[in-house]
Amino acid sequence: MDMINILTVFILAIFVGNEIITKVPPTLHTPLMSGSNAISGIAIVGAIISTKVGGELGTWLGMVAVIFATINCVGGFMVTNRMLKMFKRK
Amino acid sequence: MIAAILKENIQGETRVAATPKTVKELIDNGLQLRVQSGAGESSFHSDQAYKDAGGEITPDVSSTLSGANIVLKVSPLTLDEVDALDEGSIYVSLLQTTKEIALVKRLTEKKVTGFSMHLIPRTTLAQSMDALSSQANIAGYKSVLVGAAHLAVYMPLLMTAAGTIPPAKVLIIGAGVAGLQAIATANRLGAQVEAFDVRPEVKEQVESLGAKFVEIESQDKEGVGDGGYAKETSDDYKKQQELKIKERTAKSDLVITTALIPGKPAPVLINKDMVENMKRGSVIIDLASENGGNCELTQKDKVVNHNGIIIDGTSNFPATMQVHASQLYARNVSSFVNYMIKEGELKLDLEDEIIAGAMFTHKGEITHQQTNELATNT
Amino acid sequence: MEYTNLAYVAAAVLFIIGIKRLGSPKTAQSGNAIASIGMLIAIIATVASFDLLDFKLIAIGMIIGSIIGATFAIRVQMTQMPQMVAIFNGFGGGASALVAASEFFTKHGTADLNTFISGTIILSVFIGTLTFSGSFIAFGKLQGFVSGKPIVFSGLQILNGFMVIGIVLIGTLITIGVNQDLNLFYGIVVLAVLLGVTLTIPIGGADMPVVISLLNSYSGIAASATGFVLMNNGLIISGALVGASGLILTNIMCKGMNRSLANVIFGAVGLEQETLSTDGKQINVKSSTTDEAAMILDAADKVIIVPGYGLAVAQAQHAAREVAEQLELMGKTVLYAIHPVAGRMPGHMNVLLAEANVPYDKLKDLGDINPEFEDCDVAIILGANDVVNPAARHDTSSPIYGMPILDVDKSRTVIVNKRTMNPGFAGIQNELFGFENTVMVFGDAKEMLTTLYKDLKEL
Amino acid sequence: MIAAILKENIQGETRVAATPKTVKELIDNGLQLRVQSGAGESSFHSDQAYKDAGGEITPDVSSTLSGANIVLKVSPLTLDEVDALDEGSIYVSLLQTTKEIALVKRLTEKKVTGFSMHLIPRTTLAQSMDALSSQANIAGYKSVLVGAAHLAVYMPLLMTAAGTIPPAKVLIIGAGVAGLQAIATANRLGAQVEAFDVRPEVKEQVESLGAKFVEIESQDKEGVGDGGYAKETSDDYKKQQELKIKERTAKSDLVITTALIPGKPAPVLINKDMVENMKRGSVIIDLASENGGNCELTQKDKVVNHNGIIIDGTSNFPATMQVHASQLYARNVSSFVNYMIKEGELKLDLEDEIIAGAMFTHKGEITHQQTNELATNT
Amino acid sequence: MEYTNLAYVAAAVLFIIGIKRLGSPKTAQSGNAIASIGMLIAIIATVASFDLLDFKLIAIGMIIGSIIGATFAIRVQMTQMPQMVAIFNGFGGGASALVAASEFFTKHGTADLNTFISGTIILSVFIGTLTFSGSFIAFGKLQGFVSGKPIVFSGLQILNGFMVIGIVLIGTLITIGVNQDLNLFYGIVVLAVLLGVTLTIPIGGADMPVVISLLNSYSGIAASATGFVLMNNGLIISGALVGASGLILTNIMCKGMNRSLANVIFGAVGLEQETLSTDGKQINVKSSTTDEAAMILDAADKVIIVPGYGLAVAQAQHAAREVAEQLELMGKTVLYAIHPVAGRMPGHMNVLLAEANVPYDKLKDLGDINPEFEDCDVAIILGANDVVNPAARHDTSSPIYGMPILDVDKSRTVIVNKRTMNPGFAGIQNELFGFENTVMVFGDAKEMLTTLYKDLKEL
Amino acid sequence: MDMINILTVFILAIFVGNEIITKVPPTLHTPLMSGSNAISGIAIVGAIISTKVGGELGTWLGMVAVIFATINCVGGFMVTNRMLKMFKRK
């Protein structure tokens, strides 16, 4: 994978990230933050990879990273879901 | 061509048919203007102002009229004034032709071409000449002020330390131009306004002013006649209407009636019984008093107090607001004259809807049909 | 590798859709679900692509993480949501930093650690660690472990400046390969931890959500940087998405508070404007913003508006009616409580509200409205003061003792709008403003109502 | 304890000091009520209604007063009526104590405890007893209606087919309770309203009603006296004020003056010269006419036409709105009486700000300082 | 190659920014400039990256193209803009097809022509050619070379169907390499030319802009496909951008016409339904939405509001004032034009607007306001009809001929709000509604203004 | 350059294209169409390349393509600019 291509992807992704959020009602600020925070748990992919690639130390660091990232993902999506449930009309 | 402005000679008529401003307009349009001395006095226009506008001040009726081609007035000419008119001249004033048959006949004898501002068609194009509208608008406005001044109660809702004052209830009967303006004015003062009319399309107009429309439940068609004016209504409808009006008047603090049917006496909509059913301290202003009144107890140009209910029969409210009434009427008249007379030339286009519509005598004939019928029958 | 990357693209697309849908109340729930599916795809694809992985280890890690995350997520109270987000976010940043660190250690001393790689590693470690420590401080502040008040000491900004310079220097040294001492690397970690703390502690509790959002954006950037380290498309795209959208969200939040981001981060140096006192007695008031008011109103069924002289001064009658109409559109019952002496002349409020065309049947006088406060959710006091002063009911020494007042304090929540803590016509202090169920929204009534209207529409 | 309601005997006084509703309230509070026959007639309350409320109808003054402990009235007692009073009784009415020294002296002789509704302190707590406010509010409201009815022009802006009518310009001088209500009412009618007052804090109040405040440029302090009332102003201020008022009145269609200084004659703010500078057809309503008027040409209770400018000196506007005026005044009085008399027991708490404030004679002494000074000097 | 690709990315970023800015009146011009700079960068980078290029040939080609393009662009009249766009677009599609074809011929018979490559080539040739021929027909229709009316014959859809099937079949044959006969390739070209024609001729002149926009999107897709053939990032990104944004734009345009895309392409078999007729005469109206109205207003400096009876019927006076105030907040000058006979009684509009507290000095009567329309950006007509009927000025047969009217048509854009195409009090049709610079926003005035207010706030 | 990467770029570009246009006032429809049409003249890049890569026939086809694409670009941007000039305040 060459550098330029990756850069292209990175830049386009930033553009997409910039554009998809336009107007968000204040009540959704926290859930949106929480949801996108869960997505930043994508670090789990890196964590998984590093358990293998990183040798002994890497494996253990990776293991901790996996735990951390999983907390982020699982907790994040679940908390978001709970918050959003409140929006259901009683 | 010479146009003449006479001083009004009817008691209480404070308006004038031309203001210095419209005098100037008419002169600019190619006419010569004569203004009888003192014509503008009661509407606060001095002879000097007319002179400055280019008019010639004439001392009396005969010197004003002799040789004049067009005579402009507010109220109808007296028979004496007609005598002073040149034959074949043109005459414009407010005039209920069906009520003034004698005058109309005299005008035909003199071969005067007569125009009544009452007869200007109610079309969009003719609105700037529509004196009925401009004057009715004043009547509607003023009737509310006078009514409110008569009332022993407040118009608006007020919540004060000494208790809550409920808003006055105002009922407007007949929502033509005067009625609509009355609605608007009463609304402004904070009263609770409802209105009633026989023509169904008026409902939307009443609501467009934020008031409630009183509906009559009757199988029969409501009273819509020609040209958007009202006509007389059926018996069942009349009965339902009576019941409704009785119910509404009993609840009202101020009732303003404006119901008219062109060429007919005003319909009597509030009888003595209904008046006696009203709260003491309530007020009725009858704008139809000129044509007999919508209330049985109305006395033209009198304010009567019937068991604590005040019935005001003032017939000429516009004359109590003479500055603006004159300004608007004069503009209506000058628009009409300017419409007929282009570049100093008289063009009596008998095909023209407005000119033909407003004309009631021409070359010795009565051209207004209803008037003609009445004249031949009497 | 082909398929893995394809899966990453699919995951990224789902993230995009998910974030987009999270922005609108109707689609938010599905958005979250879609994003989580994206995550699942990314994880499965990653696991599947490496045959030499230690599955057991990973499984154990994931199970531990899931249990911790799920427990927190389920246990936490609704009011503690923001701190949860903060702490989860911290873990995410930490993970990125750890991965980058692991990569650093692995490649340390080898030729693989070229300038680009080591640069991105440093970036990832730095941002990830900062996010980690900053998020924990944010958590602590919101949870009450650390004082919610801004903690400031002189020289803080200077200290921060030095730390940033330090990090840049060390980072450059490592990157250009001048010095490969591992201690330098640890130095960066330590500085990043410190910086996370010092950047977060001076920020007041009310501004925390903005900071969390910013840290969230950082953790995205950290993930993206890690992606560059690992040359992994999935991390790069998703991280960039979160980084960019997080920044936008942070900005939106700042705008909502009428502040700039810079003002939130650096400006809040030590002003505690929440406690105001008038004549002798101290009243502790809770001051709030219009969008909080909007949210309180959103939850209400019955709202009573109490206009006073201030509404007339601000000529805010039209704005008040607009807000009332908006509330009615939202299905709430709205009434106006007219005190007989509100304003400066008999019937002042009537004149005012009639001008704004408020229907008469919505105006209730003292006698009619007072029983209504009992089951009223929110009373909004607009520039009224004396007429809602509870001292009239119980304080025999008060010059207005015995005057009937509007019992607004009986309603569940009272929102009071006025410009300052100044008293009204009678010149006496109003204890209502310090009541438990009272929230003050300071400002000119017209401006406040205009903003409130906007906020209500945006809910 | 017996309370007596007298029939008002001054020409044009249509109000009454108690309505059937307040009669009931007073009875519920432990009093016995006597109502002179016909007391409520002119405000449309029949004897029967008072009877139904629990009152005893008495035929004349002496039968109403003899044995009564409290007498409630609108206008001051006549000296004859005082003679019919029992010694030591309590008397409540509207009364400018500084102007009615003879009456006050007679009351002290009779050892009557006199209260004037004029003297009720203008505090927040006393608002429900504040008859000055409730009646001034009516005067302010009504003055605009009457003024607008006098006017020869429209109040609101109207753009019609016969031309554009500019809004009337209304100037309110003195923005106390009456002035503020006048502003509000004129505003409602669509006029362009500006107001002037010597007290600076009134600016905010005027603006809170959407009107413009006319500022006077003068070095000297404006006229703020005790208790929020106005006091007389300095000479420089007076000169600047005169210039300003001349300029503004000349531009105004309707001027309503309400300026008062308690215990003093009303300041003359509009002189003959200013009046003659006004447009013909303009109107001045002088609500201060009772105290001499703010306009030099005002004649109390007369409408004069000075060169086409109408100056209305009606002094008792509240009496023209007798239903609500009585309702509010009666409520003010009953609030005051109920405040003093708890459970049928009279508690003349002389420490109480309101009771002490409103009292002007007690046990043969004049307790109101300014009145006392005047009484000893004459 | 690195730098070339970097340049492409830069160009793509400039394109993105350019397109974005083209969407708002204030930034549109700079948007176009930015996009053209992007194009320049892309061209320079390409030329610079190939040392063996025949510069002379390219230069000649570019000079010829520039001259032709510039001549057309300068000479064309403003009214012919749409057909210019069409024809330029056709050339773009043609270019893509030619490049793909050239690639096909070069690789023909070699192993390079694998399934993927030949598939994308076919796609590019097909779409490019279709765009080319379709654009020319669109041009012809608008220019009047071909009848502007829909040309339909029975069986057209079936014929199209067969052609599509044919293309798919042939395409598959070539792609999977079963048959390498060059004639098959020519067959595709011929079918694509035909399809471009048959798809475009049945569409009416009024719908042409939508078709052009669609073809524009196609040419983007063709460019992107060519990018896949050449494995060129610049083409892929830019093509995809144009393809996607073009499709969105096409949709927006359809919505503006209250039609679906399918309806435009297939449904328009002969019905011109945007043409509404009342008494005999035909009026073509453009119907639009409040958010478009909001954007038109956003670009305006001076706005004149023209209230009529409909505003009173809707009791929308407060809503109108709110919109006006919002516009003023946005820095615009707002006036109200009061026709003397608007409404149903003298002064009706005055009463109405006074109730809504519109300051008197904003109300202008006929004489004062008519000169103002000349330099007015937007006139908003709210439930007025007769009083803005230009027939009063020139149509001697009109019953209102000679009445002074408000010259709203003199303003740059006229937004008309009413519920239907029904006439007003005078019962006559109003040609204003079909004017070039008029946009109708149908609906009850109050509802329309409330939404417009929201949209303005959201800009 | 590998396929997946190119596809990623393509998909992201489509997302960007999708998001950047949200609300466009009708008066800008034509200019926007015209401007983005000019951008589709990016085919010129392909054309230039094919003059070299495509051999004899390719060169000539490429030459024509260059002409076509240049017309598209130059004409497109210029026409757009002319249209937009109308929006300038007089």
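Order of writing sets the chain letters: A, B, C, D, E and F. Residues in each chain are counted from 1.
One rule holds in what follows: contacts are C-beta pairs under 8 Å (C-beta built on N, C-alpha and C of every residue); 3 or more make two chains touch, one makes a residue touch a chain.
On a predicted model such as this, the values are computed, not experimentally measured, just so you know.
Enquirer: Hop distance check: subunit C to subunit F, minimum number of steps through touching chains?
Expert: The fewest steps needed to get from subunit C to subunit F is 1.
Enquirer: Return the chains common to the contact lists of subunit A and subunit D.
Expert: Chains touching both subunit A and subunit D: C, E.
Enquirer: Tally the contacting C-beta pairs at the C-D interface and at the A-C interface, and name the larger one.
Expert: A-C is joined by more C-beta pairs in contact.
Enquirer: Among the chains, which has its CA centre at the largest distance from subunit C's?
Expert: It is B.
Enquirer: Based on the averaged CA atom positions, which chain is farthest from subunit F?
Expert: It is D whose centre lies farthest from that of subunit F.
Enquirer: Provide the C-alpha centroid distance between subunit A and subunit E, rounded to the nearest whole angstrom.
Expert: Taking the mean C-alpha position of each chain, the two centres sit 39 Å apart.
Enquirer: What is the distance, in whole Å, between the centres of subunit D and subunit F, each centre taken as the mean of its C-alpha atoms?
Expert: Whole-Å distance between the two chain centres: 82.
Enquirer: Could you put a whole-Å number on the gap between the CA centroids of subunit D and subunit E?
Expert: 70
Enquirer: Could you put a whole-Å number on the gap between the CA centroids of subunit A and subunit F?
Expert: Subunit A and subunit F have C-alpha centres separated by 35 Å.
Enquirer: If a residue has to touch 2 or more other chains to count, which residues of subunit D qualify?
Expert: 127-128, 133-134, 137, 156, 158, 160-163, 165, 188, 190, 210
Enquirer: Please set out, as single numbers or ranges, the residues of subunit A touching at least two other chains.
Expert: Within subunit A, residues 1-3, 5-6, 8-9, 12-13, 15-16, 20, 22-23 contact more than one other chain.
Enquirer: Among the residues of subunit E, which are close enough to touch at least two other chains?
Expert: Only 8, 12, 16, 233, 237, 340-341, 346-347, 351, 354-355, 357 qualify.
Enquirer: For each chain, which other chains does it touch, given as pairs?
Expert: Touching chain pairs, listed by label, are A-C, A-E, A-F, B-C, B-D, B-E, C-D, C-E, C-F, D-E, E-F.
Enquirer: Which positions of subunit A touch subunit C when the two form their complex?
Expert: Against subunit C, subunit A makes touches at 1, 3, 6, 9-10, 13-18, 20-55, 57-59, 61-87.
Enquirer: Going by the contact rule set out above, which residues of subunit E touch subunit D in the complex?
Expert: Those in contact with subunit D are residues 338-341, 346-347, 349-351, 354, 357, 360, 363, 365-366.
Enquirer: Which of the residues in subunit A come into contact with subunit F in the complex?
Expert: So the residues of subunit A touching subunit F come out as 1-2, 5-6, 8-9, 12-13, 15-16, 19-20, 22.
Enquirer: Flag every residue of subunit C that touches subunit D in the complex, lowest number first.
Expert: Residues in contact with subunit D: 309, 312-313, 315, 340-341, 343-348, 351-352, 354-355, 386, 399-403, 425-426.
Enquirer: Where on subunit E is subunit C touching in the complex?
Expert: 318, 321-322, 355-357, 454, 457
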